[in-house]
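Working notes for the structure below.
We just call them A, B, C and D in the order they show up, numbering each chain from 1.
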Amino acid sequence: MPFSYHRTIHFADTDAAGVVFFANYLALCHEAYEESLAATGINIARFFSDHGIIIPIARSTADYLRPMMCGEKIRVTITPVVLSENSFALDCTIAKLGPPEKIAARIRTEHVCIASATRTRIAFPAALADWIKAAG
Amino acid sequence: MPFSYHRTIHFADTDAAGVVFFANYLALCHEAYEESLAATGINIARFFSDHGIIIPIARSTADYLRPMMCGEKIRVTITPVVLSENSFALDCTIAKLGPPEKIAARIRTEHVCIASATRTRIAFPAALADWIKAAG
Amino acid sequence: MPFSYHRTIHFADTDAAGVVFFANYLALCHEAYEESLAATGINIARFFSDHGIIIPIARSTADYLRPMMCGEKIRVTITPVVLSENSFALDCTIAKLGPPEKIAARIRTEHVCIASATRTRIAFPAALADWIKAAG
Amino acid sequence: MPFSYHRTIHFADTDAAGVVFFANYLALCHEAYEESLAATGINIARFFSDHGIIIPIARSTADYLRPMMCGEKIRVTITPVVLSENSFALDCTIAKLGPPEKIAARIRTEHVCIASATRTRIAFPAALADWIKAAG
């Protein structure tokens, strides 16, 4: 089942055009990813540090469909998709709550598991594989 | 009654030392300020834009007592304090939830009401005065 | 001729993994865009505010090829590409200066000219058309 | 001799009020600190990571005197001041270049040397002591 993360747009997310800075849409998706990992019991401080395995983002694509303003309520829905035995994508939708509800962005990030000592790809660690199975 | 805002530390809040970047402690207090204003029905997109009145932060002081890591749960408590008929302070405490609970920072921001046309100080608008009374 | 923007990676650009946060790669490209516009005499405070025309980013794609650390010197090269009479792309390359020089990311952003009153697409304003011609 | 750091205000520094977000003034001072350290040959990626010694910011005070807009040129001047054998302050002035030149903020940050293994204060490492002497 896809994971949903609720959030209010903060003033610090915005820029002088009065709306969320485009790069910050990606940060919102990463927050949802963190919350989803944490919800399954993964220690995210350890997960995102170098503990022998690193899982960098190799690629992102984003379609910015609507502006978002300070104080607006949003829901970020993320669905992991297996790409290979050592890589996965997150399909993210940012919706502005309504009524009527409107899609503000569709974003995909691609993540690769790397053994940090050898800089080579390795299979998903078990906790991550479980999370992908549960959330996908 | 002081207003409390709950939040999880995000990866984007941190820096290469592995903990929240010092300037971002101030942004956390501003988030709490936004949530507190919104909770009393103030439209914060309008409040923080120039609508004839602007309420810039004139001064801040921060004591950084403990680091905060990605995934940690915090509570930001803010108490407004009237400084004059056109200025107020926010006393903010950032606590890491426990057990045991620990204070991560004590921060004060000072805010001044300005008529944007004349760049002179003016008295609090009614909604702000009400919020200060309710939250102080 | 493509425009080149030189920059040092700041501590605030990084995250707890010790390297630049993925969303901040996009912000680096936007800085190069700003510098390029300013270099041709465009007032960018006005350009990025709503002055009857807004030019939001409709889409971005990013390939993150290498991490970047605090203190590293980079060069962001941007080349505008006309997509239609009211939209253009920026092809951005972020290089870590060497020797040896290495590509850290390839990023494309797509920009659309909108008349803010009617929310409909309009042709490039003259200053923007000139900039695209000069930098493309 | 005080160290001067030159910078242009970026769009990402601003918020929906159209000017630099107050917390980002502190980040500008940290950039100047980084540049000053790097100018004396200190490896700042190592300096800001935990290499047995950490030098966290314990306190900051900021007087925000003027707003800064996207595209404006600034100069951040920093002067280190010894507070004790294991702590120092940075006196920072952010000036908007003119003519006429105007002070945008006066900020002080206080830094403490800590042995990370024991969490106790220790004397400045030699490279830092040299930098304080040279820049103070």
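Here is the rule we use: a contact is a pair of C-beta atoms (placed from the backbone, for glycine too) under 8 Å apart; a residue touches a chain by one contact, two chains touch by 3 or more.
All of these numbers come straight from a predicted model, not from anything done at the bench.
Most remote chain with respect to chain D, judged by CA-atom centres, is A. Here B-C and A-C were compared by C-beta pairs in contact; the pair with more is A-C.
A repeat of the B-D interface exists among A-B, A-C or A-D; more than half of the contact pairs are identical by residue number at A-C.
Here the spacing of chain C and chain D, counted between their Cα centres, is 27 Å. Distance from the chain B centre to the chain C centre is 32 Å, each centre being the mean of its Cα atoms. Work out the mean CA point of chain A and of chain C, and you get 23 Å between them. Within chain A, the positions touching two or more other chains are listed as 11-12, 15-18, 21, 23, 27, 30, 45, 48-49, 69-70. Chain A meets chain D in the complex at residues 11-12, 14-19, 21, 23, 69-70.
The residues of chain D lying in touch with chain B in their complex are 15-18, 21-24, 26-27, 30, 45, 48-50, 54, 56-64, 67, 109.
Taken in their complex, chain A has these residues touching chain B: 8, 10-12, 18, 27, 30-31, 34-35, 38, 43-45, 48-49, 69-72.
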